[in-house]
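Chain naming follows the written order as A, B and C, and within any one chain the residues start at number 1.
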């Protein structure tokens, strides 16, 4: 090997406390060094030309530059060498500035240390090998999981950029929770009015393949090359024939056996149902649990009235495979179930508030349905128990949130705003009604949010009481709410007609199952984990899988929309080229020495180690060894250090390269 | 080279081998440099992508190569650029340092730290602290004697170190 | 002895196992490892106080076998090695036919009679005379006088030494090492196809028997066994230089238990110590 050594003065930055000429002289005597010189500004054009000239004249095949930190100019020098015909990975940088000249005043110590650092780099580069960036092909299609506002936004952005999208939604209709809301803060826009045009756009978009009433079953592959198996659940309808006329749902005789999920249990729906009138797609679904035909073979009224013969009782769940290059997860949230007997989860109930016991203790989404013009009460604020108009409503914030003893220590972010909104909606409809809000703090940090809450207090005269509620019980048809007013320093008792609980936002219960299917991390609550909370909030540690919306953490609609567009942008960055180019600093297995213990697989944070069976020509198993998927490997080297036989090594930081540096320590 | 270190006029200067992760500690050391924070010149840094890459055999080799003290430093738990490399490293360190302590190499010679990319000042404190501790402890002659490959008693009498 | 031969014969004839790794007596009345392939072979199998070998180490020879289960005669301490190998996915439970033996202690020196002085130290701290699990169990366990735990005494002495004294102690022990690698060969948990000491590029650990290379070898082997050694003590037994090797592994086992509550080889479904982590692993030693 013929190594070229170049020591930069960096003007006075290195030259003042390090004798660069002496360093270059010393390096000239290292075995393997064919050329050694120093220069004022190595990164400048003339400096780079010196390197290129030396490469040509002296036939150099590796270069060591003593300069500023590699974080500054490693790329510069790599490019210069590549231009002159030396592989860019045959370049090593010794940090003589940040790690030497700038931190020592003693020129003797500084020079000696610089010589040592140069020696380490020279010894390391002797074991470098030429490398090329790894190329992985990219399928330019995206899977979006979840058809709420986040999924819809992400799907539209990607589709409008010209790439195909597969949108999978587990409910019969897209729209998510936003379609259940009556009005949105801070504008009090009608939620469905702003959402439904988007829903229709998705349905009609030529680049979006919508799969409703479907779930992601299995995900194989890696970034740019995922194969996703999707279960299309049986709607019992042949979608190609259905016109959405709604006659079947109208005629369905089973009207009171199932509670409407869309109305949060406040009304019934039929066995053959469309979740709400503006559902997209407007195709009904048979709930086989309550349908008479599926229970005892009778009825089939829907089939007889259907003019298009679209009903298919024999339909089964179908599995389809889709090839995609990127996945956006937008599974959203649900509200914390806070009755006394939670389903064996980390959450503990709020039995003391009587949710599930008293009909008139409801949660935020139920209030939205009551306030909604298309809801069970046609928009009139009426109590669920007796359909009377409540004269006093108590709203309680922070139910479940910010309460470590109940299992949730975080703040759900949106409750202060929607509680103010609920109180305002109530007051707009029941002018003489009294609205009380029990709060711990008011968190209204968004644009026009603080003004919105002030409006509730000052214009709509909602009474805010700082304190928590200890108990709610029923007496003479009223709900007695016992709480505390901490500012006045005294207990408060209110005889309410209706109590609305601002319960915590939690991830979907199956989120952790989906996370494991995808191979992404999640926290103890089930929220999906981002790579870096500050700088990479929409990416997961698994390449090619991005996050959008409330499945990541509690957030409101504008934040969901922003995040969805961000995830879409990340997808488009991925699709920007036909081949994905990655730094070749990845691990590699030597199958001849690998014992197949797979300790490397255990420590790989990126699932980049596969199990490889080595068979002979007759198909007999010889051994099982590890194999690195270079598309997924991020190059940390934990596998290398964990492997007892060193059968897996990290290219660029291999054992022999590090050994050479440690060995050079003997000369220090 | 070895004699230069142990000159009669100069005091003993410890040699510290420092294995640092690229994303946090190396960058933190860069920040110390950019801020011109002066520190002891005894450490020689060897860059690895992650503390997860650091095999305890590096530490043994560093002592064999003449290090009087070894420092291993990386990202704070939870901040690892590669998610979990430093968690695996930490568990390794818990076991290895107990083993080395049992064998006679204690925490005066083997040091660990978490230094993030923004902790330039902390890096200086770590370097200075480790250098001082090892300087007080003295040269690691016990290990150096073990590392002697050949026995030449006549040269030893003349005071030549082999 | 009682039951062992019948059970083994029946295992072969009834196709419960394709072969059985067990012990047989040689002309010096020592027990040595023996692999029975036929029913006739099973007559040669036996078990007594001389059954010192940990037979689990032979399981590695039969990896990737597809015809028939591997039978193995195993005493309670050695069974932990099998549990550990299952934990590490090195062998599958379903590929084994485990013939457990109710043990009554094993000797240090096969030339002498079984007595309190001639009992292996590990028998004193044996977790149980009956194997923790098995497909079938044989023999009756008989009470015996427990030996002195000289290893514990030595551990205590070492821990009371200063760092310099300890290094001096181990250096003088390792000076005797001849790099025969008997410790590695006999250890069921040492199953790398190519050991790190045999890797030449780079040469992390020299194979020559010098002080520094011996120190490095024994330290690194002990570290690779950290959280993996199951305490069978074979390394001590076979070392021709009488180096108290198992003390290093014992120390690592104590740390694994104290820090993480972990014992390798006790629960075949437990995740391994190395290769996992907890966000609350302690770190007061880290600046």
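Here, contacts are C-beta pairs under 8 Å (C-beta built on N, C-alpha and C of every residue); 3 or more make two chains touch, one makes a residue touch a chain.
From a predicted model like this one, the values you see are computed outputs, not experimental measurements.
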Centroid comparison with chain C (C-alpha atoms), farthest chain: A
Between the pairs B-C and A-C, the one where more C-beta pairs touch: B-C
Distance between the centres, which are taken as Cα means, of chain B and chain A, whole angstrom: 39
Distance between chain centroids, defined by C-alpha means - chain B, chain C (Å): 35
For chain A paired with chain C, centre-to-centre distance based on mean C-alpha positions, whole Å: 46
Multi-partner residues of chain A (each touching 2 or more other chains): 603, 642, 659
In chain B, residues with contacts to at least two other chains: 61, 84, 88, 92
Where chain C touches two or more other chains, by residue: 196, 204, 274-276
Chain A - residues contacting chain B, complex: 69-71, 95, 97-100, 102-106, 109-110, 112-113, 116-117, 120, 521, 531, 541, 585, 603, 605-606, 634-638, 640-642, 650, 653, 658-659, 661-668
Residue numbers on chain A that touch chain C, as the complex places them: 592-595, 597-599, 602-603, 621-624, 642, 644-647, 655-656, 659-660
Contacting residues of chain C [partner chain A, same complex]: 63-64, 66, 88-90, 191-196, 199, 201-204, 224, 272, 274-276
Footprint of chain A on chain B - complex, ascending: 1, 15, 17, 26-27, 29-34, 36-39, 41, 44-50, 52-55, 58, 61-62, 65-67, 81-85, 88-89, 92, 124
Touching residues (chain side chain C, partner chain B) in the complex: 158-159, 163-171, 196, 204-205, 210-212, 215-216, 219-220, 222-223, 226-227, 248, 251-252, 255-256, 259, 273-279, 281-283, 285-287
